[in-house]
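So, here come the structures, one by one.
The same chain A turns up in both complexes below, where it pairs with chain B and then with chain C.
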Partner chain A sequence: MEKRVLKDENDRVDGIYKVTGKAKYFAEYELPGLTYGVLVTSTITKGKITSLDTKAAEKAPGVISVLSHLNKPSAPAYEQEGGPAMKIFYTDKVFYNGQPIAMVVANTFERATYAASLVKATYAKEDFNTDFEKAVSDAKAKKLQGQPDYKRGVEDAYKSAEVMIEAKYHLPIETHNPMELHGIIADWRPNNQVMVYAKTQGVKATQGTIANVFKIPIENIQVNSEFVGGGFGMALRTWSLEIATIMASKHVAKPVKLVITRMQMFTMVGNRPAAVQTIGLGANKDGKLTGITHSAFGETSVYENFTEGVVNMAKFMYQCDNVNTRYTVVPVDLGVPIWMRGPGEATGAFALESAIDEMAHALDMDPLEFRIKNDPEKDQQRNKPFSDKNIKEAYRIGSGKIGWSERKNKPGSLVNGQWKSGYGVSIGVFNANRGRASVKGILKADGTLVLQSATSDIGPGTGTGMTLIASKLLGIPNDKIKFELGDSSLPPAPSQGGSATLSTVGSAVNDVCVALKSTIAELAANSNMDATSNFIDVLKKNNLPSIEVTKQSQAGKEREDYSMYSFSIHFVKVKVHSLTGVVKVDKIVSVGDSGTIVSPKTARSQMVGGAVGGVGMALTEESIIDHRYGRYINNNFADYHVPVNADIPEIEVHFINKPDPYINPMGAKGMGEIALIGFSAAVANAVFNATGKRIRTLPITPDKILATS
Partner chain B sequence: MINFQYLRTSSKKSALALLLKDKNAKFIAGGTNLIDLMKRGVSAPEKLIDINHVPLKQIELVGDKIIIGALASNTAVAENELIKEKLPLLAMALNAGASAQLRNVATVGGNMMQRTRCGYFYDTEMPCNKRKPGSGCGAIGGFNRMHAIFATSDNCIAVHPSDMCVALAALDAVVVLAGPKAERKILFKDFHRLAGDTPQLDNNLKADEMIIRLEIPLNNLTVNAHYLKVRDRASYAFALVSVAAGLEISNHKITDVRLAMGGVAHKPWRLTASENFLRGKEATIENFEQAAKLAMTGAKGFGENDFKLQMAPNTIIEALTIAKSKA
Partner chain C sequence: MQSSDKESNQGDTRRDFLKKSSLITAVALTPSVALKAAENQVDERFAELFEKIPLNLTVNNKAYKTSIEPRVTLLDYLREELHLTGTKKGCDHGQCGACTVHVDGERVNSCLSLAVMNEGKKITTIEGLANGEELHPMQAAFIKHDGFQCGYCTPGQIMSAVACVKEGHTNSRAEISEYMSGNICRCGAYPNIVDAIVEVSKGGNKA
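Presenting the complex of A and B:
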């Protein structure tokens, strides 16, 4: 055991591993005979590869092979009718700039990198458009996909309301940019046995995709992903680059490691799609909402559709009889987007929660009071009660902590020299999911418990949460419990996404522990022991080295009876410099209303991380493309601005911490998304309160403050 | 990466001799800029001459000048007691640049020589006259939010990204260069160039020369000095606009004043007209505003950087106001 300076039962179970470098990430595995892949990427945005000159690369020192659509091994799924539209790397078609078109495999990374620079492609170029805002304005003529329209009551009722506002909001592309670069180690072994070390949010999903693409039995594929250095959604699918690496391994009959570059992280592993949204709100003079219209355009790609829940929140978050929404996706010639933390809901919440603030201002009401006044009693969309909702209490806690009483309703009232201060609030909400998962528990006579499930931990602290659930139920100390994950051979669990892991896998852990407990009780009774006997004694008495239970767990009918959501309230205090336009966040208070808090430390970290991501979304993050070339301009960490320490003030996190009676045995709901959803609007609302400037285009950079009157 | 030869020397003389021998050799100091340029394929020296062991790290007061060796690290200068006391503007500007980790290895000479951060310059698939003369300027008509508003040319509208250099321009520093035969001195404000017809040239250092030290005359701008950097995040971002402002005030009158701006031109931008206006006047907000207005003569935006036409004068006023308020 390591020596520990501080010990707290809520510590991350793998914290020591992470801070001492013992946690092993995919790229750190050394396989015998490992080779290194480096991608060659397209330098045009759309068209066809007409030739690929790989001769010089092949002759370069250390090069084993150059793989491309010209010599790749067969992937049967790509040959099928109705196979994936995205045959990237498998086809001569170019769908976006920076698309992988070839891979050099060499005996060192440096040699592969050099040789990749020698591969020369020629193309037949086609016209393209990467400008989403332009695509939206051109879109009217075209038939587009999206989600079904939603309508309750009178359409566009806001237009005839006593007080109405209508506003348009713009979000740029954001790029996930987890610290860990994406990639994979693939080892295609004899007899079609495939072993991979992946960066994935779902080992079972990765395993399934590989089986499907190559049409090999699922049992042949072993996926390992014990530690993941952040994902934020970008590792929720298997991308073309992973498939290419597996093909390369098959082709060279050696394990191949691919780690993409920071620049490549912008083009080929998804982004938060850009969006343009219009919100119309109507209210009567007393401040009751009478109409909500939320209409959104989201970015998608030409070769594959991507949709997300941008307009969900408008349907149920406020008491209102007349609501209609529309969501349409507009394709551009860029890589297909993917969910980014808080996904579409975070995009939608920026618009809706800004608009709510605009309406409160139009009514000359305190935006908090306006929200409370329109807080729904039940879910009007599904016509069901909420399983659990404590928003008013969350408002009360958060407003006290931020010092809301200091706020003035009239913008620009708090002035100190050139700095103007303001307060903002917003709400975040996300479906409290629960999926189906299996967990195996092995309780041993040496006093330890091993729990196993093929779930993931992209950082939230899955193992810690699960350990705490088990520890509480069985009375076993944390350090005697080991939760194993990130291995596709373990009992199945869904991918880590949609804030569902604790609810889903935690329920199975709960069920396993309950079953173990009753087995021990039974054994105790059978061997004439006291029902409360220690399990170690019971196992020993029965000459059992261990007992094992596997349970599958999933939601029941309760989901039909109740509407289940997690909520968060974000309070932000900012100051804005009148002359330079600089926005400084002075204080953050986030209140989580997500049922029981199973793991206080990691729950707090979730909320803190969400707030930091929210500051980025609100103030600094934007992936910039030169639409003349279709190429990213700021695809590096110097120019793509994620917030740094100096941007982040004191963050206070509070939880309601009351069990949701229906969601699952723990009464605990997910928090990963709500930590971020709505946050950017709280910042924008605070900026408005400080300055009277309503910024509807993110990020709120100093130039936008200066340009807005 | 393309193979290169790595050479190390610990004397100025041999460094210069190695440089003279090979047209495709380059000095490497902290490497924080050069290595990135090599990785991106923008620079491909065949030989790297490591000069970190050349004894040019001195920071000392000699007569009425402060001498700073070209290989002193940005951190060493910024944290030096002499600098903090006598040249606070320089310390402030250095601390506003990059990150602590970068400043620890970045050197004074390297900082002066760092190349623009224009995204087109870094992407070899895009046009850029600075990287490839004659290929066009991607930033004109493209993404030019970070770009220049003063003395631009049709060939290039890039800015010099350094913070340190803005302070040095304000402080009337002198650069001492060593060539194969002799040393020469050049005013700091003449070290960097405008883009003109030769955007590929950032400065007037000759191919066979080395920066060996700076000489900065003492001044009385030790109290009322401020470096104000406006950027997209609070640290680790290049300036949208920055201003180095130093004032000497006696009997309510401005007896000496220095003003220079960063993020607005191909070189650190000294505001001589504004200085001349302020000298002898009272340090009032009205005069600061007038000085800021004068500073903007000839400024021109390129679309995305139009905001600088407002941000720049505002930042001058604010920097002067803060400088004045110090006691």
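Presenting the complex of A and C:
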């Protein structure tokens, strides 16, 4: 086992590799005879490729092959009828601008890049629409049900309430933009053995997709993905560019590496879909909610449907007998979206948590007091008690830390020269998932423990959390524990998504450690040793170099009896410049209510990261399309503004840190999503409190503040 | 040679020009070798000779003497040729800072620098920052303050942070944030990164 320099047991177990440059991401593996793929993309938005001239590219120096629908590199599932509409290199149809239509493979990256510029396509263009808001308001545009309608009590009860508000909220397309560019190294070897180095949130999912498309046995496919440079949801599926690279490797019988460009990150690997939402709220004069209606339109693509949980929160987050929701998806001629951190729940929470603030204002109530007054005793949607919920305590902690008592209910009350200050609050909530995973534990007589599972770490610190669980249970120092992941040959685990990894894989780690402990105790008893003997002594006495246990773990019946959620409360203090409309976030306090905190340092970082993502969603991020051409116009880091260091103020993170008695053996619930869900509404609510201006369209840029009177 | 000359047309001038010129030169020098090479269809290797230019530079105190196509960026040279993959590609446009290295002690986006522009220069990458097994104080501080999550921007952040301290832009948290804003972290570890830099700058370590 390699020497580590963990000064603090809560330090990240792989930190040493990350700070020294030794952490290897997918594109950094050296394979003999490695070649480079570069994609050629469509320059129209909709239509057909009528010709593709690859002659010049094929003759360019170093070029090995040019792949396209003209030569249809072998992919058995694509040769059959049916399946996805967008079969890369098997269709001449163009579904969106920037769709990959060919790949040049050459012996250097520069040669492939140059040759790709020589491929010339002609097209038969068709009319298209990339404008989601236009499609929403066009009665003739195609619309699909995204989720069954939900109704509890009287429909649209808010309309007849003593106090009512109705408002419309708009979210633009957001793009995940992890720092690491997407791509893959594919090595199709003799006898249909496939080795890939992937950027994926699920090595088993990637393995399964490859098996399906290429019709080869799953055991022929090895997927490696030890370090992943961020995902935020975009690596939850195997994209066509990855399939294309595997096709290419099979075709040229050499390993092929593809790393897409930052511009291509906007078109090929999904986005948070744009949304238009209407919220209607009704309350009596005492401030009790009497009706909630949440109706949402979400963007999807024409060639593949995408839906998410935009209207989920309205069904259970507030005590209210009359609730109805509707979620409709509207296809446009863009690449298919995918879950982006917080996913649909973050989209929905911006609208709902803004509306709650609007209602509190209409009632002339403190929005915190209004939320407390409507805090649900049980989950009315599922008609079950919550397994664990400490929202009132979270309100108390957070409001104290942000200085909520300084807040004035009348907007625009806190003025300091040209700056106006305001405070905002919001709730985030996400289903506390737990799936099924297997972990293998190998306890060795040299005092070390190796744990293995085909899970992933896109950044939250999976290995660190798992190591801490095992260390605590077995009393082994964490520098003697190694958690191996990102390898499809390890015991199966689900993809890293939906804030479920710690709950799911951690439970299996727990079960493995408990089993190892009892095996050691049995061995000790059988060899007349004290039950408390050190496992090293027990193994040595029994002449065992190691013992192994594999356990599969999944949730039991408790999920039928309780409603399980993670919660977060975000407090934000902003200042808004009266003349320029610039919003500066002054202070952030996020409180996490997600059961036991297993790994305090990485948990805090996850909450901090969610807040930073929330600042981007609230104030800066928007993928802008020129609808005349169907192209993104700010598809780079200079024009698509993710928050930079100077945008971020002090961030305080607090945890309730009480075990959820029912979720899993650790009592720990996921945090990745709740770190971001609701955050953008807290900012919008703070901006309103500072200025009296209610911005219902994200991002809250200065022009919107100046335009609103 | 003959057959490929006949085929040449305006669509593939660059390669054929190089091929012809390389062979003309080669014929003048050592005709038999060149002709044999052409027969064996290794004209590509000749083309390469003429597309590459010599380069001498030092990376992490190790001297490299090579020849390289002028269009290769310093970033791609480090990653693809030297396999020093600690330096990351995040945008290839000088907008994210993931590729930050030190060139003669100054922080530079290596994706905006062609390798051949660095003739005679001293490059330090993340792999050259530690003193053997002993981490640079900034590396240790990043671990202590958890100045990362996924780790992809981290080498660039650390190289930039070391330079930031050396430049003296650490008089306040706000100043640090300003001078570290060329390095994007999508996981959002900014406050932790500032904590790490504050600690190192207070420790007086300007290595």
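Remarks
Basically, the second predicted complex is superposed on the first by the 694 of 709 C-alpha atoms of A that agree within 3 Å, B and C clash if a C-alpha of one lies under 4 Å from a C-alpha of the other, contacts with A are read in each partner's own complex, and residues count from 1 in each chain.
Keep this in mind: a residue touches a chain if its C-beta (ideal position, glycine included) is under 8 Å from a C-beta of that chain, and two chains touch if they have at least 3 such contacts.
None of the values given here were measured: they were computed from a predicted structure.
Applying the stated contact rule after C-alpha superposition, one finds that A:228 touches chain C and leaves chain B untouched. In the superposition on chain A, contact of A:117 is made with chain B only, not with chain C.
Of the two partner chains, neither chain B nor chain C is touched by A:162. Once the two complexes are overlaid on the shared chain, A:138 sits clear of chain B and of chain C alike. Chain A is touched at more residues by one of its partners, and among chain B and chain C that partner is C. When the two complexes are overlaid on their common chain A, residue A:219 makes contact with neither chain B nor chain C. Of the two partner chains placed by superposition, A:522 touches none, neither chain B nor chain C. Shared-chain residue A:22: touches chain C; no touch with chain B. By the touch criterion defined above, A:643 lies against chain B and chain C together after alignment on the C-alpha atoms of chain A. Of the two partner chains placed around the shared chain by superposition, neither chain B nor chain C is touched by A:126. Residues 110, 638, 643-647 of chain A lie at the contact with chain B in one complex and at the contact with chain C in the other. Those residues of chain C whose C-beta lies close enough to touch chain A in the complex are 11-12, 14-15, 18, 44, 47-48, 51, 69, 71-72, 76, 79-80, 83-93, 95-96, 98, 125-127, 129-130, 133, 135, 139-140, 142-144, 146, 148-155, 158, 174, 176-178, 180-194. Listed in rising order, the residues of chain A touching chain C in the complex are 3, 5, 7-8, 11-12, 14-25, 27-28, 30, 55-56, 59-62, 108-110, 177-181, 227-230, 232, 259, 261-262, 458-461, 601-602, 604-606, 608-613, 636-638, 642-648, 650-651.
Across the complex, chain B is touched by residues 43, 110, 113-114, 117, 418, 577, 579-582, 584, 619-620, 624, 626, 628-629, 631, 633-634, 638-639, 641, 643-647, 701-703, 706-707 of chain A. Residues of chain B touching chain A in their complex: 1-3, 41, 99, 117, 119-120, 123, 125-126, 138, 141-143, 145, 228, 230, 232-238, 240, 307, 310-311, 314-315, 317-318.
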